[in-house]
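Okay, so here's the structure we're looking at.
All chains are identified by letter, namely A, B, C and D, in their written order; residue positions are counted from 1 within each chain.
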Amino acid sequence: MKSQIITFLIKCPDQKGILAKVTNLFYIEGFNIVSCQQYVNAKANRYYMRVRVDAEGTSISREDLEKKFLELAKPLQCEWSVYYESKRQNVAILVSHTSHCLYDLLERQREGSIDCTVKMIISNHDKLRPIADMFGIPYYYLPVTKETKREQELEIIQLLKEHDVDLVVMARYMQILSENFINHYTSQIINIHHSFLPAFQGANPYGRAYERGVKLIGATAHYATLDLDEGPIIEQDVERITHESTPKTLKQIGADIERLVLARAVKCHLQHRIIVSENRAIVFPEAGE
Amino acid sequence: MKSQIITFLIKCPDQKGILAKVTNLFYIEGFNIVSCQQYVNAKANRYYMRVRVDAEGTSISREDLEKKFLELAKPLQCEWSVYYESKRQNVAILVSHTSHCLYDLLERQREGSIDCTVKMIISNHDKLRPIADMFGIPYYYLPVTKETKREQELEIIQLLKEHDVDLVVMARYMQILSENFINHYTSQIINIHHSFLPAFQGANPYGRAYERGVKLIGATAHYATLDLDEGPIIEQDVERITHESTPKTLKQIGADIERLVLARAVKCHLQHRIIVSENRAIVFPEAGE
Amino acid sequence: MKSQIITFLIKCPDQKGILAKVTNLFYIEGFNIVSCQQYVNAKANRYYMRVRVDAEGTSISREDLEKKFLELAKPLQCEWSVYYESKRQNVAILVSHTSHCLYDLLERQREGSIDCTVKMIISNHDKLRPIADMFGIPYYYLPVTKETKREQELEIIQLLKEHDVDLVVMARYMQILSENFINHYTSQIINIHHSFLPAFQGANPYGRAYERGVKLIGATAHYATLDLDEGPIIEQDVERITHESTPKTLKQIGADIERLVLARAVKCHLQHRIIVSENRAIVFPEAGE
Amino acid sequence: MKSQIITFLIKCPDQKGILAKVTNLFYIEGFNIVSCQQYVNAKANRYYMRVRVDAEGTSISREDLEKKFLELAKPLQCEWSVYYESKRQNVAILVSHTSHCLYDLLERQREGSIDCTVKMIISNHDKLRPIADMFGIPYYYLPVTKETKREQELEIIQLLKEHDVDLVVMARYMQILSENFINHYTSQIINIHHSFLPAFQGANPYGRAYERGVKLIGATAHYATLDLDEGPIIEQDVERITHESTPKTLKQIGADIERLVLARAVKCHLQHRIIVSENRAIVFPEAGE
């Protein structure tokens, strides 16, 4: 193969020799290990690994590589997945009224700091279409009511499937996704919540932050799960506020945290740096990429 | 009077002319206004002020000053309090098993970054007595059971009264104070909670933070009120953690946040920078002091 | 007058009675003081004030108000300026190759978190014109060489004058402005430098940060002055990095700091929250606005 | 051997197979790899590794383990070092007048968050002896003048050698160490500088920070080298300040940063998490320890 980064994500019971076995396989087949990150959860006796190898100078085919890895992985009871750099990922962004996260993601994609193809923007309102037009991205306006929710979701899922979407980003999409939707995209839907969860779960977090008189506000990016605002947390951040901060300024300060936190989470996902383990997201730091 | 800083804390309904009237009084009596800080809660139509004046060169007595201020304050429906720099405040520290906040407060007091007299350390355990001895502070060991709680609290209150204590600091004191205790010291008891409230109210916040997989842990200093962990928040801070953080490292990282947050809150209180308004603490920033 | 916020910025020698005199004037003329912020530099014996008043219900004309203020200000040796909310400020953005700050400012302006009119984008390259087009802002491509610098600057100044520009934002404009240019717009040109000044003044700060092995990188927004990177600092922030951060990731992390820091500085300026005193920028916090 | 953590720190030219070879050795000898952290400097073509293994259940002697590792390391051109958990490290603290870092380190050592033996405190002044006495640590008062500097340093070095000191902490020791001293303890002397280096190198950083009007102040812990304030940076942090911050409050805010930054750096060193590579310190994060 030519130079190409291949990323393996691995989880299995902790046991002696895993690292030696995995690295040996790559060594024998002529791969250069670009980075190798591990996490041992000693309490749960679980082992997690992210390995990035460069295929330059190797002669093994994808099929054979995966077959050999499978042979190694089976007796170790590994769950694993593999990602090839040459396959660019497709992203869909779901929005409602609020534009700051949408702008931010489109900008980053265009400037190259987020590496993906934004296939479409889907919204239950027609309001943000001009932004989609500015960036030349298809915009699907799919209104929703209680009665049409099931149908609307099926339309969305069909769009996602048609366009081979790898990641769904809820950039302030103010609808709760159904069990059916989430099951189609487990650990592939990232949501941004405008509080430092688990504080202020649910609606109107800035209003409640003001009432409670907290001195910090924040935002949380997490994978969407059935339990609202309870999914694995990918990234969080906070900013200092004071008694002078009004609900209006809280929203503005919060918007800056939301964009940063969502953008970082999307980047972590696209770089295959996340392994979900039960309700915790193991997020490996960037390793020279 | 000689040079001395006098601090007024004022709250009243918002209305035209308050600032002019208050500053005029000080001007006429020859005081120099060292700092003047205000906060208008437009939503609640309430006005809050902290004024620090220097008495140098004035000839008015304390009694007359306070009388004149009262005359001014009455028609404006002001609640107010006044503090003279020359009166050093007395502090009692309540602890149980954990020593990091206690050490930190004693150190700061000794080094002069917190200006007060630590009159006593009171504990329901005898464990931390050696630290009290190191710093030469009286240590009262007052064990408590469900049955003796009322009695033990009365003992504490008597000690506080005898020693003219102005501020009670719960530096990881693992007991819930009764209504009676709190009513004796409204807005004079500062507690440190080891989470970024309102997240993880109640017991074992670090364990729960680990389980939830948050990416930030924090601490909160607040005035003790009847509702546990619900009092006015004075100060909060957080620190970044990762999936590698174990419950043990969370405690160590958290301990550093706790000490800083508690020390800052105690300092704010001792500098008369806090006005409590319902359940929010208005904390004015340092103004050149 | 109708409801309108009027902001006064004042600096003078420190002296007894300033606050009383100023607030009295507004009280007598029927203004409501919305916020009043002061700073006393005790070391330099200087006094600084920002007062915001609401004109609702007053009958005095602008001319008379300013005349009365002048009468009061003269004996106090005040330098002062006054800003009327009804006059929307005009901004010009100068750029070269880098787009992230430009996108960010245009977005914020469009979303309303920055309140101004962006009159034009001026660049010494034609590269970022498509962004101007996306947002419908006039784009002036004014290339520059050593030989044409004087002429190019005069063209810029003429454009700024024609369009009544109040604030010039150097959003990664990679040219050094001449003395003549700066003198036309003293304390009206904001520049963003991609390091936490005074560290890494001059060129290539991220490369030098990498070489030095710092654990934090940052950005600084300051008023442009004759001494490069030496102007009054308005806002700074930093982000944590590690040994894994490459010069490429430093740029990406840095870009996020740059936009935030520049946007905050522009907002402070537009809200008339800054008083420059020699080489220090006194930046008053938001007071309920 | 019984359960014991053994830490290897390795640096060598980057090459295929290193990780496989190292992990294989440990696998064959029956060690469990507790954590394995790597860093590839692609630019410089250098490879760095920190491996922690548990010796439980192995039968190989220390001598044989090190011999085998040497055989493996030689052809890879590795520089390496090995640390056995069972050997507790000895620390000496150097101080002058300022007490906050000293208190902090002694407290942490006593509470167990820093794992070492504090063998002695050495000072060029007698001022901080009472703190040494409080904590029961030997205090050596070794005054120094220009003329006696060489002699005084030799006395210190002798003390360090006699007590088998592994790490020297300059906790605000206001003397510049000579080349001879530093050569005795390369990458074993940690200094705390009270600015976010490279800003404000040299004397009086807080005063200069005030004059420059920065909005952040910081502290930097680094290994002492011949070039003053130029050694490899281990840890840095900053805190936000405002125009209201006086040189006095800068010192107090700074003191809190200094203690935290120094304590973290000392902990990193004691946990063998640092590899120095030219002038950069590679600091691996905690990995479950």
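The criterion applied here is as follows: a contact is a pair of C-beta atoms (placed from the backbone, for glycine too) under 8 Å apart; a residue touches a chain by one contact, two chains touch by 3 or more.
In this text, all values refer to a predicted model and were calculated from it rather than measured experimentally.
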Per the touch definition, the chains contacting both chain C and chain D are A, B
Given chain A and chain B, the chains that contact each of them: C, D
Same or different: do the copies chain B and chain D touch each other through matching residue numbers, with over half of them shared? same
From chain A, the most remote chain by mean C-alpha position: B
Taking the mean of the CA coordinates per chain, how far is chain A from chain C in Å? 36
Out of chain B, which residues touch more than one other chain, so two or more? 39, 42, 242, 244, 246, 285, 287-288
Given the complex with chain D, which residues does chain B contribute to the contact? 99-100, 103-104, 107, 111, 113, 134-135, 242, 244-246, 249, 252, 255-256, 260, 285-289
List of chain C residues in touch with chain D within their complex: 39, 42-43, 196-200, 211-216, 218, 232-238, 242-244, 246, 279-283, 285
Would you pull the chain B residues touching chain C in the complex into a rising list? 16-17, 19-21, 23-24, 26-27, 30-40, 42, 240, 285, 287-288
